[in-house]
Structures are given as C-alpha cells and as structure tokens.
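Which chain is which? They are A, B, C and D, in the order written, and residues in each are numbered from 1.
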C-alpha cells in the first residue's frame, strides 16, 4: 500500500464537534474542543462490524500504544441493526475486548439510520479512521483497512507538526484558532 | 499441538439432548435426536467472546466446509452479560459474520448465569467444541483453541467410523441406542 | 476448502522407491521400504521456494507433532537454481529453521533440471505433499497449499486404516505386498 | 509496542560508508554517499535467517512501497554458515522472493565471521533496521522485530525533516557535512 495522503493544512476543514448521547471509559461528556492542541485519532466503528473487530479496533489500540500523546477516541456509529447494538451491548463489548480508550455513542440522526456525527463527518461506513490535527482540522479520512505503516506515518507527521515551532507554520494557517477556522 | 484424544466409544457418555429457547438459521426446533446417524460438531460460543469470534467460529465454519456430511451446530451459551447478548443481538451478529449453520439459544438455567445445556454438558466456558459421534456419544470435549489439524483428524476419525461396516463395531458398543447407553 | 480426496486403496499406485544422494537428520540411507507399515507424509520442497518456507514446511512440522506415529519425510527436489541450493546450503537451512525430520536430497535426473524422485512421482512443483499408506500406496498427491484441517483429516483416515483389524480390509487389497501391487 | 526513539539529530553519529564486494539489483557500486539528501532504510539480513525472511524483508518491502522517496537498501551481512549463503545462493533468493531493492554483499571482516559493515555499524545480529537521515546520520538502530506502525512513524519523521525548510534546522546541526560530523 502506498502512503496515505494527508489533506494539506491550509485546505483542511475544521472538524465538526461530535454529538453523542453517552460516553464509556470517560466520565462526563468528552468534547472535541477539549482536545484542541492534541492530535486526535477518531475511530468510528460498530461493535458487530467484522472489519472493525478484526482490523480497525486493534489498529486503534496500536495507535494508542505507539503514540501516548495522541488522543485515541472511539465513536460508535450504528447505522444498521440498531436494536442489536445498544449501549448495554456496547459496554459488554468494550469490557470483553479490553478496549480502554474513551468511546462515545453517536447521537441518532434525522437520516434513515445514519447517526448525527457520522453524517456531519460524511463517513461512508465503518471502520473509518479520521485524523484531526492539533488545531482541530480533519487531515485524514480513511474508510476501510489502511495498513499500519501508512497510519503510523500519517499520525507521526501530525504529531511532528504539533510540536514544531510556531514560526515554521505558514502564515496562511493563522486563520485557525482554538475557537474556529476562518476560510 | 499434539493430537486430540477421542474418548473411546465404549466409554463415551451419551450426549444430553440440548435445551433451547429458539433457533436461527433453522426453521422450528432442531433436536440432537434428529441428527442421529450423523457426526455432530457442536460449537458453544458467546457472540462477545473474543476467542470465539477470532478462533472458534471461523474453525466451526471450516469444519462445515471441509466435512459437508457433518452437522455443524452452534449453541449460544451466554453465561455473562446476558442483557448484552440477546437473541436480537445474536441475529445481527450471525448476519454480519455470515454464519450459515443452525444456531440454538441455550435455555436459561437454575445456576447463576450458566444456561441449561452448557451445564448439562459440563462446559467450562467458551469456546467449546463438542464432537458427537453418529451414535450420539460425546467423543470429544475441547475448551479453548484446538488447532485445525488436530480437529480435522478428530472429525475424520468419527466420520470414518460412521461409514465403517457394522461388523467392524465391537459388540460392546451395542449397549448404546438412541435412548441411552448401557455401561 | 473442501476435503482432500484420498485415492481409493484399490486404485492407488504403489509409491516408487525414492532415489537420493544423501540424507540429513538421519544416519545412512533411509528407504521407503524401511517405513512399510507406517503412514508416510512425504513433503517435497526447495529451500528457496517461498511457499515451502511459509506454508509447506511448517505444515509438515505440524503433521509430525500432531501424528507422532506418522513418518514425516522431507525431500529436497531442486529443479531450478541448482547451484544456489546445494547440500551445504540445505544443511544450514535445516539448522536455522529447526527442521528435525529426515530430509533426503533427490538425485539429479536425466530430464532438464527435474530430479529423479520428483519425476517418478510426477510432481508438478513444490511444495508437494504425498501421503503414502501403511501398505506403501500413494493415497494423496497435493501440490500447493492444502489447509490444515483437510490435511489432518486425510492423515487421520490413513492412520485409522493402518490400525484397523485386517479383517476389515477388502480382499482386493491383498494384491499389494512390500514388493508390489497387483491390479 | 511503543514508539521507536529516534536518536536526536545533534547526537546522531554519521553513518559509516558501507563496504561491499558486490551488488544485486543495481549496476556498479552503490555508495551511501550517493544517497545523501535522501532518507535511507538499511535492512541488514541473512538469507537463511528465519526472522529476516518472515518479518524483516517483508517490512523492508513495505517501507519501499509506502515511502517511494526513501532509499531502501538491503545488506547481506553473513556472520554464520558462510558457505551456505554465497552470492550465487543470494541471487536465487532475491529472485524467488521478488526482492527488487538494491542489495549489497557485506565484505568479509577481520573478526571471526562478522563482516566489515556489520562491525562498523555495531550490529548485534539480523534482522537489523538502520535509518539514516538525509544528512547521513544514523537516527535509528533496531534489532529484531519493530512493528510496522512504529517503523512508519520513524521513517515519516525523518522524511518530514528532510523536506522541512532549512531555517527550521537548529544551527547546531550545521556541524554535519557529507565528510563528517563535528560534535
């Protein structure tokens, strides 16, 4: 597989705030805004999606282990079999699979079956990995099974940029602040 | 791994009839007695048991593919997280994982959490593979992750015996009938 | 994968004696005739054949572990890159890969590159697994990557037949002796 | 596995020029100096080292695929079984395993068995992955089986640094030139 192409910083859209009904592995509500300044790996999954269980979730766990300073966040984006993947079932799933990172339950949406955050991020399905840089911009949107080496490269690139001296940032990026991003 | 040791036919207990509340991938109730004359591979699992998902169920599917004349039967033996693994969730699980063999839902039992059939077969946990010969006797009881080569050997041995001419059967085996097995 | 079809005993050709130039992991010359009475798993490989290294040889090692009473025999059938796969290189290969079963070096043949035993067994390439029953007949000839469950089933079937009482053998098989097999 | 720690640029030693007797997949002699300006992934292996065949070489191939601008270079550092791993055997190995990147044969050394470049890089064994930055400094020295995500992160970090504007480089790094590195 070739390298994952990050969206250039100056073209990247600001990540929408996620909308959730509850959180597991985290007390209270975790907002994207709380994570500004950190690189975020948002892993959207369904607990009964085989590709999520065999590939996506283990990869998210490896991101968490490899990059302790990255915020790995799960998002349970149920768009089918709603009655089968309730929060009660999800809680047991997280327990049995030893998933320790915070997982939010995506809020039901107006569209047929597709939950709110999944729609606002325009996700095609699950698993989807979204990388958000330290300034809150969506830099990668990967559906399916990107391989570990390419994911490691993409995350590291964002982590490096987050640590780079501000002077190295092009002025054009100045439109983005913790409060928002001006076009 | 070394070979799985089959329980000798003359020492093998008659398999208890399973007790179920409903069946999936099968119309009506499927009774063990209906399968007499065939070798049965009974795979006990829980849909949120990681070892079942990654190892046990794929192995059961390979048994079904490799041995078309063997009856591969799933048994959903939920002994924890009962609210998380309801029949509704199980149905979605079977659909998403493309599981085509019949699956029975083990009936709740009097013991704390352990369902009826699981208790009567004295299973330690999930996944458990039970091999029942063509005369209804339990010949193998394997908890955990037996490897494919050993499982293939065990199943083939029972299939061979089922096809062997009756004359080759030791007289001592005559004590077993569909109704019971005399020591 | 479906089950491997064993050649029926009464149709199976007698396995040709192998012709080798030297043996490793065995003192002196090991002849097929020495193994009569035992089931033989003959694994033909080349040390620089990727499919042999990743699949065939590990599978042969699992046969040896699973079936202690089966004679697992390697045969180094070099039909290309002869200068690259000399006995000196083979010895290092066996050492590094911890291969403990006997390995014979197939004798050069008159045909372009194809060694003698490989030709007499009409092998298509490597890896090839040949199963020989306890009466010296070729019962399976599998090129490529048969899966473990099917191989386990095939080996077990031959082992069972080897242990079956003689009375169960069809009279027609009586034509086979250590010296040959009469149609 | 946690992230691989790169040696900080200002502490990293200049990579010694490799000493080879011949090259495969490359015409003429390939010198490290020829690659200055590019990130180099030097993969030291032995063709009969199981960990190299199953892990190291496939990982080097994935580096080459994921990072087209990185120079992936193999180095055949034979320190045992010398007669078994000759250039003739190596050429067949590279052909059979479809290895397309340049591979140099490390020159015999004065120490018992250990070849020259392996000694100058103070490698412990094979497989060893050495990452050299665009200014010729050894930034990573990993023996064994680092995982893909961590390797992807390390390579990407060096690639990013190679593309960063010169102004972002600390002045202290100016001490390194193609001819040497001043403390």
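Here is the rule we go by: a residue touches a chain if its C-beta (ideal position, glycine included) is under 8 Å from a C-beta of that chain, and two chains touch if they have at least 3 such contacts.
These numbers were taken from a predicted model, which means no experiment stands behind them.
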Chain-contact steps, minimal, separating chain C from chain A: 2
Interchain contact steps from chain B to chain D (minimum; 1 if touching): 2
Whole-Å separation of chain centres (CA-atom averages), chain C against chain D: 41
Geometric centre distance via CA averages, chain D-chain A, whole Å: 34
Junction residues of chain A - those touching two or more other chains: none
Graph class of chain-chain contacts, one of line, ring, star, complete, other: ring
Pairs of chains satisfying the touch condition: A-B, A-D, B-C, C-D
In the complex with chain C, residue positions of chain D that touch it: 48-50, 53-54, 80-81, 83-86, 88-89, 91-93, 95-97
Complex contact set, residues of chain D against chain A: 1-3, 59, 62-63, 65-68, 147-157, 159-161, 164-165, 167-168
